[in-house]
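Right after this note come the structures.
You will see two complexes here that share subunit A, one where it goes with subunit B and one where it goes with subunit C.
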Partner chain A sequence: MNPLIDDRLAELLFRSLRLGDLADLPAFADHDPETFRLYVDACRKVGRQVLWPTYPTTDAEPPTLQDGRVTLHPETLRGFEHVRELGVIAATRPEAVGGQQLPLAVATLAHAYLMAGNLSTAGLAWLTTGAAHLIEAFGEDALKATFLAPMMSGRWTGTMALTEPHAGSSLGDLTTSATDAGDGSYRIRGAKIFISGGDHDASENVVHLVLARIEGAPDGVKGISLFAVPQRRPAAFGPNAADGPLEPNDVHVAGLIHKIGWRALPSLALSFGDEDDCRGWLIGAPHRGLPQMFQMMNEARIGVGVTAAATASVAYHEALAYARDRTQGRALGAKGGDQVAIIEHPDVRRMLLRMKAIVDGSLALSVATARFSDLAANGPEAERDRAHAILDLLTPITKSFPAEFGYEANVLAVQIHGGYGYSSEYVPEALLRDQKLNSIHEGTTQIQALDLLGRKVVAGGGAALRALNETIEAAIADARKASVDEAIIAPLEAALGEVGKLTMELGMKGAGGDLDGMLGHGVDYLTLFSIVVIAWQHLCLATTARSEDSDFHRGLVQSARYWAATELPRVALLAERCRVDRSYLELDPSWL
Partner chain B sequence: MNPLIDDRLAELLFRSLRLGDLADLPAFADHDPETFRLYVDACRKVGRQVLWPTYPTTDAEPPTLQDGRVTLHPETLRGFEHVRELGVIAATRPEAVGGQQLPLAVATLAHAYLMAGNLSTAGLAWLTTGAAHLIEAFGEDALKATFLAPMMSGRWTGTMALTEPHAGSSLGDLTTSATDAGDGSYRIRGAKIFISGGDHDASENVVHLVLARIEGAPDGVKGISLFAVPQRRPAAFGPNAADGPLEPNDVHVAGLIHKIGWRALPSLALSFGDEDDCRGWLIGAPHRGLPQMFQMMNEARIGVGVTAAATASVAYHEALAYARDRTQGRALGAKGGDQVAIIEHPDVRRMLLRMKAIVDGSLALSVATARFSDLAANGPEAERDRAHAILDLLTPITKSFPAEFGYEANVLAVQIHGGYGYSSEYVPEALLRDQKLNSIHEGTTQIQALDLLGRKVVAGGGAALRALNETIEAAIADARKASVDEAIIAPLEAALGEVGKLTMELGMKGAGGDLDGMLGHGVDYLTLFSIVVIAWQHLCLATTARSEDSDFHRGLVQSARYWAATELPRVALLAERCRVDRSYLELDPSWL
Partner chain C sequence: MKILVPVKRVADPDNANKVKVSGDGTKVTSDGLEWKMNPFDEWSLEAALRLTENGSSKDRVGEVVLVSIGPKDAVQTIRQGLAMGAERGILVESDDDSLDSHVVAQVIAAIAAEEKPDVIFFGKQSADGDSNVAGTKLAEMLDWPLVNYAMAISTDDEGKSFTVKRELDVGQQTLKVQSPCVFTSSDRILQPESVKNGVTPADFAYPESEGGRYASLKGIMKAKKKPVDEKSLADLGVEAKRVNEYVKFDLPPARSGSTTFVESVEELVQKLHSDAKVL
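Entry: the complex of A and B
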């Protein structure tokens, strides 16, 4: 049976990131390390025992659209009930709104098991968390009183309705309109696309968090406002709205998109206000929709990161079990004898070690970034700014590294399965399809690259980068003290220096007006930065596990060595590319 | 409309590889450059106008299995009729067996259009070519008289039935048995899996080329024999067998494999001799099955290479058209104004240029390798050995580079399409699924790596590598004479030297008994070798196009520059990894 996530790694992350210490912060005072662990245990159990067995079936039999309504697979409904009961949606929210007030780091680690078990089912809860959190953060009391309780419990679910057919990455170009109805609501009109969970039968109502433009609003991103647009609107607002009658709110399913992965979670084209009777309620101040949305974006992007890590992890464990079980061929140079398990072949071990290094690094980074989010929001006052700066810097990396490198891990899982991997009788191909979304949704990898290099590293005169540098240098000092293998430490130190130097040079290009020269290699910059950050994560794991004499520990050290020997040398090479190559900057589109 | 393959590139390859000159060889004396071009034109037309329009439908509606028989999509049947009529199956075979006696290089270029159009439909012909060619090369006259004519015309089709459930890459472990029936035939018993085209309704009969073990044969690869096992056997052998009655030959469909790509071409589990009445006819001498099969393997692997190039090419052209058409966002630093086509964004151009470099390099390499095959078989006597050595060396690279890097190109096509790329309403995801097979079938990438480093470069004391070196050095001299940009030439020269040096070092390790140390990084070696070979191909294209003043030429030069700046620097890095990294060689499987 696939463990989904290695429990030894989860336990090590607990120690390495000192998650238990978070209970000492006032915000988490009602908890202790034991209650953190209990939550992880509960999610692990549901992920493994309830969700994972439903995965193949719900992937193979996607939701159906009939008469404008979407029907989920019965196994998705059953799985979502379990997820709901865990209190996943409000896990990190305060007790005041029905939450468990857990640190995001703990929830992130716990949710890895759920996303690994069945990301479509757990995704319904994840989307609802994001939507509800926006209402909680910016909504007026009447909105909160009406929407929060049913959403936090999962009786109603939520969506993020941002994308329009001609405004995906470019939100400033969206055209959905909002007209003041004079009764506290707005009339919403427009079309949205790729709305995950936009309609289904797992909840009594779906609340769309819609970005729209109030009539007369400024052009571009400065004229976008955020609205709560329920699929069915309550007759009266207030704490018991969900128990009262609900009437249709003129939100219609315009089409079901045939996604290649996350197949059990419907992605829809929706139209709002076809009959001019779609009502939305403004959340927060007018024209503040984008900054509000982005205030939640860190969490959403960490969510993508941990999901990508989870999807790669499941594939790694499938491949590992297969490689131990499947016999084929013999050792190099051997004559005759029985066939050996394919894990005995060096190249199969290469693929497995690469996958492990990617998976462990991705999961560690996701939880580490979530911990900076906890410290930024709830840490000691004096540390918050610093934590926030590091969080901002790590977020685009957490969003993109597990997605991009995780995809490679998923490809390797198919390859290790050989011909069987190419068939849908085996699960790796489905995981591969799932993984591809993570480089696209919640901001493509290209968007993350621009965010990192064009915004995050230059913000505050490079303050975030300095803070991260200090943190990594401290980890290096700890590792040296613990006598960690210098072959792991020294290349990281060198690569870290290279990042600093390159960032300065690229920043200067930008300051000199050469924006293309600065940002044109943004994806290469993101990649090299990610390689360094993951090396740091491996170093932390190796340092913490140092004292253990176990196979698990030896595997971690070997992953760290592999990463140092294989990936860190790429940093200088990618940096040089960022500095000198202009091949595609000087490419005229007509030459293609 | 997707051009599938860039005609300007096809034309340039004609010139760059001097394909027309092949008509001067006695074997191709009935041809001239014009008839070569006519064949390419004819295939282009069928690929574009007949096959490509059928691709989405035949992918979406795969063959069905009912009552033990497989039914293809009607569009596949219609497409196959056109492919048959082109004479594709026997295109390279002699006129004596009904062929057109075209050079493999010309056929490879032409067939790129067909595989690009619909690889499942064209694949039926491709498989038949391989099977018929084996009978032609090794079969006795009676077998040839019976099977060749209907197979070469496509009235009967063929398969390669090698793989068994527990013997995929390790053919020496197959257990299908053959017992002399005393009447010139053998009774065949066994199970085969992943047999593409193993049953269908596009032909009157399917002839399986089956590897099996004659009773009492030696163990391992030295005891494998090759048999022709028709699905239905002719009552009498001879030239008119196909017109006479055919009776069932106890070959049964045991299952239809749900492949993730090439979905219109059924892949089957077959059982032979359930009722002990399956007859097969020995091809060539007993126990010579594997060497015979491998004599055809170069062609099959070049076929995989050009198919992978074609699949990446289609995706490239989809992405290019989309990037020109789709508007989203604005130039870096721009304030306001209309959205621009995404091709204006540097990172989209990066992805497109990378795809182009991979596609052009893959197609050029496939045709170039096929040309060495022509020279090895039909060139001037004095040149044959040398051509054969280079062919042997290039074959594993041609098999694996387009598959592995082509896959990356296919991933980029999905990424460029954004959210739309993640849906099956757009074609890139289907091409991505198709592409993945190419790193698995006809010998995985791992097998190619062992073939290159463990066999090809060390054969004859390194003679092949010396011959290839001289060829590349000659191309470098030509490029210098033509004043090609030194930024393209110098890094290739350096990387070529690195390959020679590394090969010597690894060979020494092997000679010293450290087989793991020599071969453990085989895939890295294969990758770096491939990067150099592709740089050589780009150099040849850039040299030939040098005199042209066209956008197409500028694009080629820019691809070559990109490759030199981005990929060639990886060679030294990968070489160092081959030399020093032992992370996974020293990895105990229990640490994972």
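Entry: the complex of A and C
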């Protein structure tokens, strides 16, 4: 049976990130390390026992669209019922809105098991958390009273309806319109595409968080507002709205997207206001839609990161079990004798170690970033700004590294399975398809690169980068004290210096007006920065595990050594490309 | 209705390969093991929870008291059960080495004298020792009726009497018992309509499941506030005097085997006979 996530790693993260200490913060005073562990345990059980067994069928038999309504697979409904009962949706929200005020770091670790079990089912809850959180943070009291309780309990689910056919990465160009109806609501009109969870039969209602432009609003990103647009609108607003009658709200399913992954979760083309009777309620201030959305973005992007880590983790465990079991060939130089398990072949172990390094690093980073989010919001007053700066800086890396490198891990899982990996009878190919989305939604990798280099590292005169540097240097000092192998530490130190130097140089280019020169290699910059950040994560894991003498600990040290020897040297290479390579900057599109 | 459910922590059976035997072979060492609630106790706890709630509204209508005997951190097993819905817990502190089914039965008997439950619901055995004795021994000590391997239970008088079905090799046996009594369960107690308590609507069916219910985050937070009494063996007047002596433990032989694909049923039968020698 696939464990989905290595429990020993989860336990180690508890210690290395001192998650138990979060219970000492006043915001989490209702908790103690035991409630954290029990919740991780509960999610682990549901992930393994309920969701994972549904994964192959729900992937093979996607939802159907008939007469404008979407029907989910019965197994998805059953799985979602368990996820809802666990209390996943409101886990991190305060008690006042029906939540349990769990630290995001603990929730991130716990929910990794659910995402690993069946990301489409768990995704429905995750989308709802995001949508409800926006209403909680910015909505007026009457809207909160109406929407929050049914959403937090999962009676109603939520969506993020941002993307339009002509406005994906460039949300500033969206055209869905909102006209003041004079009764506190707006009439919404427009078309959205790819809206996940946009219609289904797992809940009584769906609340779309729609980005639209109020008539007469300024052009571009400064003219976008956020609306709550229920699929069916309550006849009366207030705490009992969900128990009263619901009327159609002129939101229609225009099409079901046929997808290569996340197949159990419907993504839809939606049209709003075909009959000019679609009502939306403004959330927050007019024209502040995007900045509001961005305030919630860190959380959503950490969610993508941990989902990608989980998807790679499942593939790793699948490949590991297969490699131990499958016999093929003999040791190099051996003549005759029985065939050996393929894990005996050095290159199969190379693939497994690479996967392990990617998976462990991704999961550790996701939880670590979530912890900075907890400290930024609820930490000791004096530490908040610093935690916030590091959180902002790490978010694009946490969003993109697990997705991009995780995809590579998913490819390796197929490779280790040989021809069987290429067959849909085996699970790695499905995980591969699922993983690909993570580099596309919630801002593509390219957008993350622009965010990191164009915004995050230069913000506050490089304050975030300095704060992160200090944090990593402290980890290095701890590692030295614990006599961790220099071969792991020294290359990290050197690469960290390289990042600082390169950032300065690119910043100068930008300041001198050469934006292409600064940002044109943004993804290379993102990659090299990520390699360093992951090396730091491996160092922390190896340092914490030092007191143990176990196979697990030896495996961690080996991953850290692998990363230091194989990936860290690439930092200098990529940095050089950022400095001098202009091959594609000077490539004329007509030459292709 | 008040039900006492003894819950034991056992080494996670999914990680059984980590179990080691001490150098002299007289005990199983627990270093580095992950613990979980004995799965057989979990079935019984689930049945006890069903007997004491309205399954449809989830309102509690009775009381489930958990007892665990073991070192201090066995309290985690109790918390897990409290998070599933039990009302309170009792931890009887003792080191694992001084226990056997005789001591356990004595402890539970002493607690029963204080708590006066209607039912004591044991797991049929524990996943580590597999002795299958404690429940039976306890019923004998208390001189209460015992129904082993219950697969269906119903009561319509708040637990004063029960109709219990048992699964036998030759069919099913239906018994009527008066409380107080001792039960152990078979896995079929988890079937959607195996437990009827006269409160849960007669047509209500629980979801299919292979174990106890999952704790929710809300349940976990509530459990934190539920009381757990701590007692020592001396408090209960029990002497940690085992009647069993463990002479020797051996790990099971390493599994040998590989996967082979067969073309037909005939070939399968032939292989099971000639290679695996199980037919």
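Heads up, the rule we're going with is that the second predicted complex is superposed on the first by the 592 of 592 C-alpha atoms of A that agree within 3 Å, B and C clash if a C-alpha of one lies under 4 Å from a C-alpha of the other, contacts with A are read in each partner's own complex, and residues count from 1 in each chain.
Following the convention adopted for this analysis, a residue touches a chain if its C-beta (ideal position, glycine included) is under 8 Å from a C-beta of that chain, and two chains touch if they have at least 3 such contacts.
Keep in mind that what you see is a predicted model, and the values were worked out from it rather than measured.
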Checklist entry - Clash or fit: what happens to subunit B and subunit C when subunit A is overlaid? => result fit
Next on the checklist: According to the stated criteria, A:588 is in contact with first (subunit B), second (subunit C), both, or neither; which is it?
Outcome noted: first
Next on the checklist: As a test of reading the superposition: which chain, subunit B or subunit C, is in touch with more residues of subunit A?
Outcome noted: B
Checklist entry - Which partner does A:327 reach: the first (subunit B), the second (subunit C), both, or neither? => result both
Checklist entry - So, does A:173 touch the first partner subunit B, the second partner subunit C, both, or neither? => result first
Next on the checklist: Is A:569 touching anything from subunit B or subunit C once the two structures are fitted on A? First, second, both or neither.
Outcome noted: first
Checklist entry - With the two complexes overlaid on chain A, what is the closest approach of subunit B to subunit C, counting only CA atoms, in Å? => result 8
Checklist outcome for this item: Going through subunit A, the residues touched by subunit B and also by subunit C turn out to be 327
Item to check | Residue ranges of subunit B in contact with subunit A within the complex | outcome: 163, 166-170, 173, 193-194, 219-220, 257-261, 267, 320, 324, 327-330, 332-333, 336, 339, 341, 343-350, 352-353, 356, 407, 411, 414-415, 418-419, 421-425, 429, 436-437, 439-441, 444-446, 449, 454, 515-516, 519-523, 551-552, 554-555, 558, 561-562, 565-566, 569-570, 573, 576-577, 580-581, 583-592
Item to check | subunit C-facing residues of subunit A, complex | outcome: 1, 7, 30-32, 34-35, 37-39, 41-42, 45-46, 49-50, 78, 81-82, 85-88, 91, 100, 102, 325, 327, 550
Checklist entry - Given the complex with subunit A, which residues does subunit C contribute to the contact? => result 14, 32, 34, 76, 79-80, 83, 207, 210-211, 214-218, 220-221, 223-224, 258-259
